[in-house]
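Heads up, there are several structures right after this.
Look for chain A in each of the two complexes below; its partner is chain B in the first and chain C in the second.
And then the complex of A and B:
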């Protein structure tokens, strides 16, 4: 748990945290962008000797940001994603040049502390794709325990033997990289500095991904929406907006838009879709059930996708999802991969629903009423995985049950907790 | 790469630094005794000092430089600022604490100081150090600047928030009527409104009523946030007598044709902004924060004190740090529990806020209350709608009724009972505390002139106070004593009559702060000064009493006190003393008898109480004999008075001594029944006996004779005769005694 020493970095971090706290920065994509920019700044300006130092600085940054606003899940996601990329870059840099470098790296991991084993994990990923497959199959079990750490042995016998998954870097490296950790001489500190440009370009890639995420998600739109279908959506989601507009290029369909009180962002959505020439019908939220029998597909946007396949999305989504289930209408969530969060919401944390200003529901001026009534204005609903048919992401179409695997592939176990 | 431009979100022209002036001085004492050791702006609101809420609001608004003007507790404010996160190098605010000299006695003076210190460079935000707000003030500043570009005479934009009458966040005793131009929201007229005396008519200058639309609005909360141009402090110098920003300054500016300045209102819309003006709004704003009305300034998100809270269903907020909850404690909705707090078995907390490290023992119930840090509540205590200062300890079984303010560090012994609206503090009596705590407080600031600080009006500002009892007798504001024992060094008193003469003063009736008290006093005084006929004065007083629905007892108390004070004391010479009494009562005695018709025994008792408590002690005998001579009282009345249980007083007290004087006088009357002169002399002698200090010898033998049967007989008779009236009198008499 080191902290940030550099004053310049600290200032930038504080700036972003206060923006997040004050909700001056809100929205999944915007927060993700700002975070990426900040991390890029950190990587550019941080002084680090070893890759571990850099990682711990970024982690400390991430910790502060997440503490500041745990409800903007994308902030944490982006930090984890970048950490993962840094490790991959490092592993690549370590393995491409003379083989010894990589060995030394592993050796350091093994001898110091199991915490520093991600380079090995990344390295082993490079070694063979079969490992990746193996890991992803076994991951649901380990995730259930939500124990951070690079679990090496995904065998059931091991699991039973140890009572819980544990990270055993030694065993891991001894099995998959038999070269062994013998040589404790060389220091990779120079290399760590030298990969800075590579890291920055990796982060820039993330940035590009974020900027184009709406397009990439909607690339397969015409495969999901067919002619003369009736599509229901709720509120305003830029992903869904792009998706529907893309589909409209090839298909002629009708969009029903629930207005999503009390934010009424559906109005904006309807205006935008209508302007794009889509046959749009704006309905009140209460009519969602009534129209559901006519709807062919429900397409919603997500605020955050959780590792169990559940989703935080605009308030009202759960209503639409339940209505859809009753009518056996497919429920589709459109979201960029950056919304994928390694968190679980098994216990449905109330606070994550993020209750906003009740003034939008009941005017503050209604003195006598507001004194006697507690007014709630949740921003999000939690939609459990069993109500969701499929996620459309920039990574392809994924059923809720596979979210776990995707989490495992996207982030390092060790970064789940920052 | 630095995340885009850092100034971008400030929202104001970047070439100018947006300044804010925070007046961290309240210039009133509504929070006594909680403000004894700390300024109001450092009182905790939802476990963060009010000043931090203010700074957070300003930071959100894109303010860069803040001047905190403080007077009392300057050092502690300075320290608090230095310790807070606002002094870190990364802080967006640059905060300067400025000291106000003790000559500064009002808001107006403070602003004149701002001008004198030459700190303002342009348009600035003027707030007080006790506000909570999520309004984008920078947008307000932008609008203000645009208006100023068009019209240089625009000097101020006032933030207002709509809220219907009866809204909890409206400061009940301190509301206002805005007259606006419906198109531009220009404020054309302003009138401050008190709850008591209640306003029945709003006045609007004739000049406004010239073929234009007016919007007269009473549904606006004055948020106490103004965007001012740099002229405002200058104008304050010109209008040197204006003390209050709104009632004096704004009214003056708006009515003055000469100045020709303009003031606009800005509606907060869905934004939230309010000032902690009194305990009542303190509670309301706490509830607003808990109810998330000033989102994103909510405890679980952006707590100015840096605490981390978890938001649970029903707007319950639990600190993430070390909160210990017993398995069967009950936490009601709208509750905030601070870090390190502990709730034991079966403790109940509802709609309340617990500070840091509070301990609530088993069976205790806390409802609608605000407990600050380190409060310990013993088993079985009940706390209703009150504020408990830091470090208060309640031993088991203490009951605190609604509206109490318990000062820092008070320990209440087991099974104490604190009456409604009491204020309890450590260390001597509250009056000294009143005087010493805030240096700005002195007698001229609470002269009769400010109705906003009058006792009756302040009732509306109390926590839990509806003000509905304001028209009732004034029993309660004089004293709300405790039953049960409190610590020795704890004093309890009705300090909510701020600025009132301490309740122990026997002459309190001459300083009553409500309308009736003032008017009646003025009437009598004028009558005596101008030598008006007794009947006329009596008539005027009666009318006044009717108009104000005042109690007869109060008139009586006042006249007796007034005339007794008129009489000079001539020590050691009973003849001269009698002459002086004769002078006063010979002339004005008629007024007393007219006003106290049929209840002269009460007047007599009043006289007795006054004498027993003041330097008029030795004159009692003389005065009574003069009353007798002037036929203001007769033997029957003296007997009646003598029989009243309250007259007797405790053995050995002054009351009792005076009672004995009366007794001997009665005895003398009984002896020389038909000879006035004798009785007079007897009374006289007794008087002298009294002053010589051996009353027992003279009166002792008589005591058993008179005491027993007549007392019973008399009371019985009275209760037959005038049952209803008597009841009323007794009420008011109770209150007299408590004074």
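And then the complex of A and C:
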């Protein structure tokens, strides 16, 4: 676990960590964008010999950022995602250059395989070599999508491997592969720096995704909201705001907005929706149950999506979700996939605890009382997956049960703990 | 219907069937749909006419055009919530007039059509909330015939301004006011007290209802009072009769409310154990009383006081607890999800108990009860039996009341939003967007499934058993309770 040696990079990282710590940078999408920009800076300016060095620099960066503000989960998510992209790019680059051995470009039986599986095959070989080089370190086995020696991507042994813990996968690979472990030597160093442009463009793709996430999430809005429906939402979420505004272009409906005291973010949302021509009705948070019998859908925004399909969202969401369940009303969360976090905790409700300024609940005007009373102003609620019907993300509609598969596809195991 | 005759030049749709010259038969011949169409056309035409008239005035005085519209706005804006649609109705022709003055005549009809459409939309969309009782048009006591006693006028004002809130407080205040009325009342010649006093009291009750809808307990007590008035013997001297009635009122208050509360206190205290963490919501006089008594008797526990806007009544209860020394935590209702795991029981008050056991109480009670039940935390509702109502409500929409909070569209009170660091950003709410309205339901209905037990002066009963209490069914027999 190395730290950052380069002073220039360290300075930039410190700038971002202090912003995060002081909550000058708040909000899932803004944090994600800033983190992506920082990582892009790191990738552009870091000096690394092997790809492992770059990965460890980025991991050190991620560790610092996450420690600064553990409640902004998108920071860690972006770092993990970029690490995954780096490994993929490296694997793709490693399978292409001319000095590769002939038999590594094709499968053992000589048949052609599609380009993607070539990359993943090479990826798996790389990691096999990676593992060989670090055999002494007891780290979790990394991804091994195909068994070397398998006929094609769809062979039975591949299906068997899918979803198994990865250390088993390695066991299988050593059993099935006839040629044994692949060459454990690391790739020549001049290749590592050569993929820098490819990495930067991959990171820029991530940045583009983040910038347009509100538009992509709301692209199918009109299919989810129908005419004359009454939608309930809570507080302010830019994703939900974009979603509702997009739907309003084709549908005529009413939005009930719970004001989300004491931040009153609901007022901002209501004003914004009303300005867009949506019939908006602002209600206090206590009225959520009272109006629920007339609500057709509850649409909420998420702060972080957890691997079990649960959600950290604005305080009051658990009340709205339970009330909706009592009335058999569907609960929908709109969120970009950058909010998906691989974190897992047995007591998620404790993991969501984050407190804001208590003076907004009981302020100094109640001076006498303030002294003798504990005042709480929780920011987030944990909503368990049983209460959620669907996630509307920038990559389609996903049921909560599929979240863990998505986590596996987006992040690498060894990055879960930075 | 008079508009049909007052604008003869624009009425294009008068059918020539039967050629009836006089007014009423002609009116009957138009069907309801035709009449409505006619009215819409005339309204639109009127708006066009005023818009056409506006360019003539525009050169001289642009100011009078905005001023009347503002005047209309402030007048129409005092009723909150549901009648917000009337504010938009007055807004729309005014803005149409202003716009037409600027843009020219040929745009007039277009804009007028659009605003008429918008109006129709608005009316359609806010219909579901219109039966919520909000501030009545015409203000306090409008249209009530008869002399209103000054004590009732004062009480009505106090109700309307939310100076007296809470079921018990309102009921006791009303009964005390009625005692004053009865003592001041003088039976007119040739009339019996039994009949006339009832008639005299009716407009007083209507006046109170115009301030705020009748509370269930208050209604029950007044019904009993009317019964007692009706059985006053014709031979009883007037002062004796009045004293007797006042005594009945006193007995009602003392038995059904004050003593009942003491009994509930005993029952509920027995359920509090040392080290308990008790959650309460908003303010209930009974819950306050129980917890203070338990603490004074030596039980040691802590309380989480949950509060909510717009009433923020929990602060008052918090102040009482702090005075006695109970360790308290204070939070708003959105924070309940974060603390429910630590709570050992929930005490709630009620405005009314329905015959199927559902509890009609301050908005937010249902949320707290529901979440507590999900986490297997017992929910105790403390209520006297005089709050029993024979009604069954299916949901919180059947019967509710809106708080007279100023409409964010039209009030000049600045609403601020806070960002993560707590910096307030003033949001300009002078925009008066007709799409935005706010409603503040005061009550909600907690189904009996969310409640563990109902603590009344006749004991701890499951909520659905409330209707089987014999004495409550025989309301006409007065104060009989089967214990």
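In this section, the second predicted complex is superposed on the first by the 326 of 418 C-alpha atoms of A that agree within 3 Å, B and C clash if a C-alpha of one lies under 4 Å from a C-alpha of the other, contacts with A are read in each partner's own complex, and residues count from 1 in each chain.
Here, a contact is a pair of C-beta atoms (placed from the backbone, for glycine too) under 8 Å apart; a residue touches a chain by one contact, two chains touch by 3 or more.
Quantities reported herein were computed from a predicted structural model and do not represent experimental measurements.
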item: Partner chain in contact with A:374 - chain B first, chain C second, else both or neither; value: both
item: Contacts of A:10 with chain B and chain C, given as first, second, both or neither; value: first
item: Partner chain(s) touched by A:293 [first = chain B, second = chain C, both, neither]; value: second
item: Chain B versus chain C as contact partner of A:66, first or second or both or neither; value: neither
item: Partner touching more residues of chain A, whether chain B or chain C; value: C
item: Which of chain B and chain C A:41 touches, first, second, both or neither; value: first
item: Chain B versus chain C as contact partner of A:281, first or second or both or neither; value: second
item: Contacts of A:217 with chain B and chain C, given as first, second, both or neither; value: neither
item: Contacts of A:322 with chain B and chain C, given as first, second, both or neither; value: second
item: First, second, both or neither for A:57, with chain B first and chain C second; value: neither
item: Chain C-contacting residues of chain A that also contact chain B; value: 23-24, 356-357, 359-360, 366, 374-377
item: Contacting residues of chain C [partner chain A, same complex]; value: 121-122, 125-126, 128-129, 308-310, 315, 318-319, 322, 327-339, 341, 362-364, 366-367, 370-371, 374, 394-397, 400, 408, 415-422, 427, 429, 431, 433, 435-441, 443-446
item: Partner chain A, residues of chain B touching it in the complex; value: 1-4, 6, 9, 59-60, 88-90, 92, 161-170, 219, 270, 272, 291-296, 300-302, 308, 310-315, 333-334
item: Interface residues, chain A side, partner chain B - complex; value: 7, 10-12, 14-16, 18-19, 21-24, 34, 37-38, 40-41, 44, 67, 69, 350-351, 355-360, 363-368, 370-371, 374-377
item: Interfacial residue positions of chain A with respect to chain C in the complex; value: 23-24, 26-27, 230, 252, 254, 259-265, 267-268, 270-271, 273-275, 277-291, 293-294, 314-319, 322-323, 326, 349, 352-353, 356-357, 359-362, 366, 369, 372-378, 381-382
